[in-house]
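In what follows, structures are represented as structure tokens.
Shared chain: chain A. Partners: chain B in the first complex, chain C in the second.
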Partner chain A sequence: MKRFLVRRAFTAVITLLAVTVLVFVLARMTGDPRVLLLGDQTQTSQEQWDAWGRDFGIDKPIAIQYVIYLGKLVRGDLGDSILQRRPVAELIWHRLPNSAQLAGVAFAFSIVIGIPLGIVAAVTRGSAWDYSSRSFAMFGHAAPSFWVGIVLIFVFAVGVNVNLGLFEFKTDWFPTSRKEAGLLSYVLPGLTLGWASAGGQLRLMRSSMLEVLDAEYIKLARAKGASRTTVILKHAVRNAFIAPLTYAGLTLAGLVTGTIVVETVFAWPGLGLLSIWAVNNSDYPILQGIILLVTFAFVLTAFITDVLYAFLDPRIRFT
Partner chain B sequence: MRVPVFVRPRLLILFGCLAVFGLAIACGGGTKEVVREVPVDRIIEKQVVREVVKEVAVEKQVFIEVERPVVITQIIVATPTAVPAAAGPSGTLIVADADIAFPNLIPCKFAYDPQQQVHRWSVFDTAYYWGFDEPGISLIGLGKSWTYNPQQTVLTWKVRKGVAFDGGWGDVTAEDWDWSWNSQHCDGSLHSGIFISKSYTKETRVVDESTIEFHLTEPNLFYLYKFSGPGEGGSFTIFSKAKSDALGEQKADRNLTGGTGPFRFVKWSPGDEIVTEARPDHYRRVPEYGTVRIVEIPEAATQVAALMAKEVDIAEMPTIDAARVADSGINVIKLLGDGTSQIIMQGRFCFGPQGVLDDKGNPVPDRPAFDPSKPWVGSCDPDSQEWENARKVRNAVALAINRQAIVDNILGGFGFAGAKPGFMFKQAVDQYVPLAKAAGLDWESKYDSSAARALLSEAGWPNGFEVLMRVTTGDHPLAVEMAEAIAKDLAVIGVDVKIETLTYTGNRPAVVARENGDWWFQADSGGAPSAAFPNTETWAHRRNPEAAFNSGWELPEAVVLSKVMERCETQQCLDEGRVAMFDWWAEDQGYVSVVNSFGAMGVNPDKVGDWRQPLGIGIHPGNRFSLEYLQKPK
Partner chain C sequence: MAEARTTVPVLDATLRRSSWRPGWLPDLRRWPVTSVIILVPFAIAAVAAPLVAPYGLNEGSLSDRLLPPLFFGGTTDHILGTDPLGRDMLSRIIYGARITALVAGVALVAGGAFGTVMGLISGYLGGWVDEVIMRIVDIKFSLPFILIALALTLIYGSSLELLLALLAFLNWGGFARQVRGEVLLLREMDYVKLAKVAGASTPRILIKHIFPGVLNTVAVVATISVGGLILAEAGLSFLGAGIPPPTPAWGSMTASGRLYIATSWWASVMPGLAIALVVVALTLLGDWMRDRLDPRLRQVL
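Presenting the complex of A and B:
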């Protein structure tokens, strides 16, 4: 087990280092921030141009820049935003809770909806439940989240008038955007963000369950007279849980950091919106910081997931 | 149990990172740039056309024209009157904006975006405005009057007395003007569009507490524009020197006080919201609303939804949504800003034979993308057959575009077909350039595919040619649709247009470096109403190296013509220059104008009553919302 953990930790560190190189090089390929800030260089004296270069730390060879960057990174310094002139860590820290809250809602939605529906779909294979659940999953995967978000906004925030004869009402139950209306603000973006991963959970859970339900030990349990509930919950679900667990771990990281589209549609002041702003303004220190956070989140959750594998399936420890 | 391939952690990590990197590369980046300017030669006062779409033209356009001679040597004295709201400022107004930039509140770091924001939300006044409050008065800013010496080399400003900087930083003085001007025009200033004011200023001199002189290296007609508002990229913004001295540059930059406008900043959270509150003692205009929240909603469709749900009270919107929004009970204001769109045929970067020098007296070198083999480029020599053939090609392209169909089918009527020189406006030229009217200029960009094909054949391209057209997005929401319509029209005459879509900022570095020798379709959206000046010369004189860096063309003939106009001292000279420019441009098709589009703004009728939008000036006329003139519903 110890060797397993060390190996995984080593892989994680290498991955992070590789990502820092990639991020660093790619960020500098997007252009000299001085051009974007100052316009044509002919409007600027060489001295001033060089001074801005020193300010931005881009006056040195790229390898030296990387070493300096790495040194600061180790000390937790992600640098300063070019345009906002504030520490990137502060900006990210300011936005992270918003993204985390939204991701939490989306994650809860994906688990609460995806896992039970996946189990039900597998147990009732070929039934209307199964088809309905798979349709739900397929739609969640196929529909682009910006479209889902806009549709949800117009249906449940702007609202449509519903006339059922005896009574009529308007479906303007939620705010259109931003997070100012308390808990209600979380519903539409959470649903939009969580739908696709709920669909993924459902499909994975269903396929894993189907595989497990055909296993010999399930047949044996049934032959021994175990109740249906016991067979499903005690014997099948736990063994079918590996793949959805992997997916859930990675989904959670992705939800926290990969909410660009949903945050843009819902004007949600999180990391997604910040990264779009950084991209549009070539503020590469912010972009670097966010990408590193994304990577770190993925690597961390993958590491935790690996550990949980070993817990759920002891055979994995020795592979 | 075997883990499916697609959920293996390493693969997911790789895909995740690649997706993020891909997004970063695809989106490009950069700050938005200043594009246009207009001259100060006449003053027109105009009320905005307010149109409630669903009720079919409830109100009509009203013009109050004030005939004035060219004012460059005259003094205009204005006496602004603060108009207090009946019960004082109260209530909260919520405005949606696509991007809440970052605060920059010191001159040398005053980049374009924050400048737009500080003017847009009426927190900083400029030296003068195009006003409408009191008929006949145009000078209602921080300047009281201006005058030029007879040689037009010394501009003297009288500073308005008794105007206080917000936050207790004292009254605005000539010292503040001097310090702000020189800081804003320092080497490496982030302040965009400073090329004229920087290159033509010899020195500034404070005469007394309320008088300052600007000494020019030589007369320049456009110098005065730099003092005007609202919010033009080159507008001169006056900051408090006392604030910067007291707090130091760094702290002063973050400190939200120091404004001179009818509102003050209370909060500025980049990417989130700006909150302003009314200054109940403002010298120019006391707003009716006490608090304004400007909230960032990046997505246009969400802005529209928020407006329809009345969660926000004001939002600009894509014109295609106007009818739907009006049906939901929101008033829609048609913004008569001049959103132009044009095909810029890049590659005509050849200054040598014309002997054009830059402002340092050096010959302007040829650019990397200069390529005479391109059908629309031809040659550097205006007397050669290749040059003439290229001109025919450009005119053929202009003839082949069905502009009215684009206006009708894509813009939904929110616009009009671009004239031959797309940057000139017939109404304005007819009204203000008597010579032009007398000359009977031919404005119409005709649509005639057969004539276009014939011209192409004459030019030696009977089977047409292939061309890449980059379409920059981020301004007009229908730019791509317009470009596709253009491509279909041009296919009829054999010109095979391949479209590549990218952001304005993504495209800009290559434009600046003159690396693109293909076409660029650029479409601005219409903004708030702008002063309807014929701005021929200001477009044309955006030449390298000072300012043409983001325009995509370098046309030596236009530079020569605009240089002549810059030195004009009489109306006659200026008008002759304009007519000459018109003739040259219509003949040459320096770029091919497509359509001029209007903007649309939705307002919540429960919160917004009469709202007389003041004129914008020139570039980005929608920069200013002028919420101080907004009245609550009666």
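Presenting the complex of A and C:
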């Protein structure tokens, strides 16, 4: 167990180091930040040019630059944005809540969609219910999320006229983008993102339920005279819930990446829109900061998930 | 002969019992009917785009811009309507099938070949080589793919070559992992040990004796991952980090039609629908292949 923990922590640290090397090397490939700002050297004096070089810290050998860079990272300094001339950490910190809220809502949607459908699918295994709930989840996973978002905007924000004889209404219930209608604005982007990851929850819940339903204590509960509903809700679901719960951390990390596309569709002012802005304006430090943050979040949640698994289920073999 | 006859119904019954479809549907599990029905037209479109497309790739006039599709107020001239520049949607989607097939195909072959070789080496040699390769695969899986792709696009500008390289990179890890797992089993087989005793060299054993054994795994991983590749390409093209604009990539078509969603939904919904249909079909095909060729992968993928 101890060996497993040490080893797992070691892998996590190696991964993080590899990412810092990667973004650092990429940063050098973007070229001279002075050129980006000024065009070329002819616009300024040699002293000014060199002073700027010291400012950006690009006057030292590359290995030293990396060590300095790493030292800054450890202290939470992600460098400055080239165009906005503000600390990247500040820019990210400002946008992070928006992305986190969206990811949180999406996560709630994926649970609300995935878990009940997974239970239904397992209980009615082999039936039309099983078939259609799995198809529903599969479609959410297979359809590109930007397209799902656009279709949802068209149907529920632009609105479709529905005529049911007596009732006639337009389905423009939700706003297309943020801050227009408070909580309502979370529904469409959250649903778009949540549907995409509901498939994973459904599959895990279903297989975990099937395994539990096969267990002796379920048969005993039934033999004792407990009703089918009681057995499913009280005995099976509670035990089957462990698998999707531990998987939750990883879903959450995946959602952060998923938000990039969805934020673009819904003009959601989070990290995704910020990274697109960075790409369009060649502001690499911002993008680099987001990459580091997302990877760090992912590595950390993966680590916690693995450790949690190891504690919850000691049968897992430590390799 | 008599024996063979009696076993068939038994086999049939087992298949039926494990089936997940409702009884009134045709047995979709034995043959991937849905996938074939969806994929065949797209395959024809990809292969013979200039022959089947009613209009040329960039043919159209601004006076015909954003005409609605047939059944939504349009005419048979433009069955799926026209885009913001007055070009025929159907024709552009047909040409887009070509791009999708090309990009996914090249990335799949490149990433698959590299991943398979890595998996063979890693699984067969074991030791520190295995350790290093598998750690690299782990690192690969923890990188935020879209963000890395955006960073490279920022540095080098968007191009087809960069996109292919990125997608191949996205893809190789899955092959390496699964192939390695298979090699670990094959390595212990008697025929491999005998080949070694007989003096066969390591490359020979890998190519002649182990590689044929992992082909099933490779085929299954390829089918399952191709949908993800298409989605990744579409996502990057949508974000403007994929294939540069004049080329009709489905993702960038969806992006350019998005601005007209309030008035002309078809300009963005139609190309996106093409992506969704193809990926759904490929996912179903992948599941079917896995159950057919390599049921053990069920738990992993």
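Here is the rule we go by: the second predicted complex is superposed on the first by the 233 of 319 C-alpha atoms of A that agree within 3 Å, B and C clash if a C-alpha of one lies under 4 Å from a C-alpha of the other, contacts with A are read in each partner's own complex, and residues count from 1 in each chain.
One rule holds in what follows: contacts are C-beta pairs under 8 Å (C-beta built on N, C-alpha and C of every residue); 3 or more make two chains touch, one makes a residue touch a chain.
If you're wondering where the values come from, they're calculated on a predicted model, not measured in any experiment.
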item	value
First (chain B), second (chain C), both or neither touched by A:W277	first
Which superposed partner A:D172 touches (first chain B, second chain C, both, neither)	first
In the superposition, chain B vs chain C on chain A residues touched	B
Partner chain in contact with A:A143 - chain B first, chain C second, else both or neither	second
Touching partner for A:V151 - first (chain B), second (chain C), both, neither	second
Partner chain in contact with A:V294 - chain B first, chain C second, else both or neither	both
Chain B versus chain C as contact partner of A:T264, first or second or both or neither	both
Partner chain(s) touched by A:N163 [first = chain B, second = chain C, both, neither]	neither
First (chain B), second (chain C), both or neither touched by A:T15	both
Partner chain(s) touched by A:A128 [first = chain B, second = chain C, both, neither]	second
Contacts on chain A seen with chain B and repeated with chain C across the two complexes	15, 19, 22-23, 26, 29-30, 146, 150, 153-154, 158, 260, 264-265, 276, 278-280, 282, 287, 291, 294-295, 298-299, 302
Residue ranges of chain A touching chain B (in the complex, touch as defined)	15, 19, 22-23, 26-27, 29-31, 35-40, 42-45, 47-49, 51-52, 83-85, 146, 150, 153-154, 157-159, 172, 175-178, 204, 208, 211, 239, 242-243, 246-247, 250, 254, 258, 260, 264-267, 269, 273-274, 276-283, 287, 291, 294-295, 298-299, 302, 305-306, 313
Touching residues on chain C, where the partner in the complex is chain A	19-22, 25, 135, 138-139, 142-148, 150-155, 227, 231, 234-235, 238-241, 251, 254-255, 258, 261-262, 265, 268-269, 272-273, 275-276, 279-280, 283-284
Residues of chain A defined as touching chain C within the complex	11, 14-15, 18-19, 22-23, 26, 29-30, 125-128, 130-131, 134, 138-139, 141-147, 150-151, 153-154, 158, 256-257, 260-261, 264-265, 275-276, 278-280, 282, 284, 287-288, 290-291, 294-295, 298-299, 302
Of all residues in chain B, those that touch chain A in their complex	1, 3-4, 7, 9-10, 12-13, 16-17, 19-21, 23-25, 27-31, 33, 99, 101-102, 111, 187-188, 190, 192, 194-195, 198, 253, 270-272, 295-299, 301-302, 305-306, 308-309, 311, 328, 503, 505, 508-509, 512, 544-547, 549-550
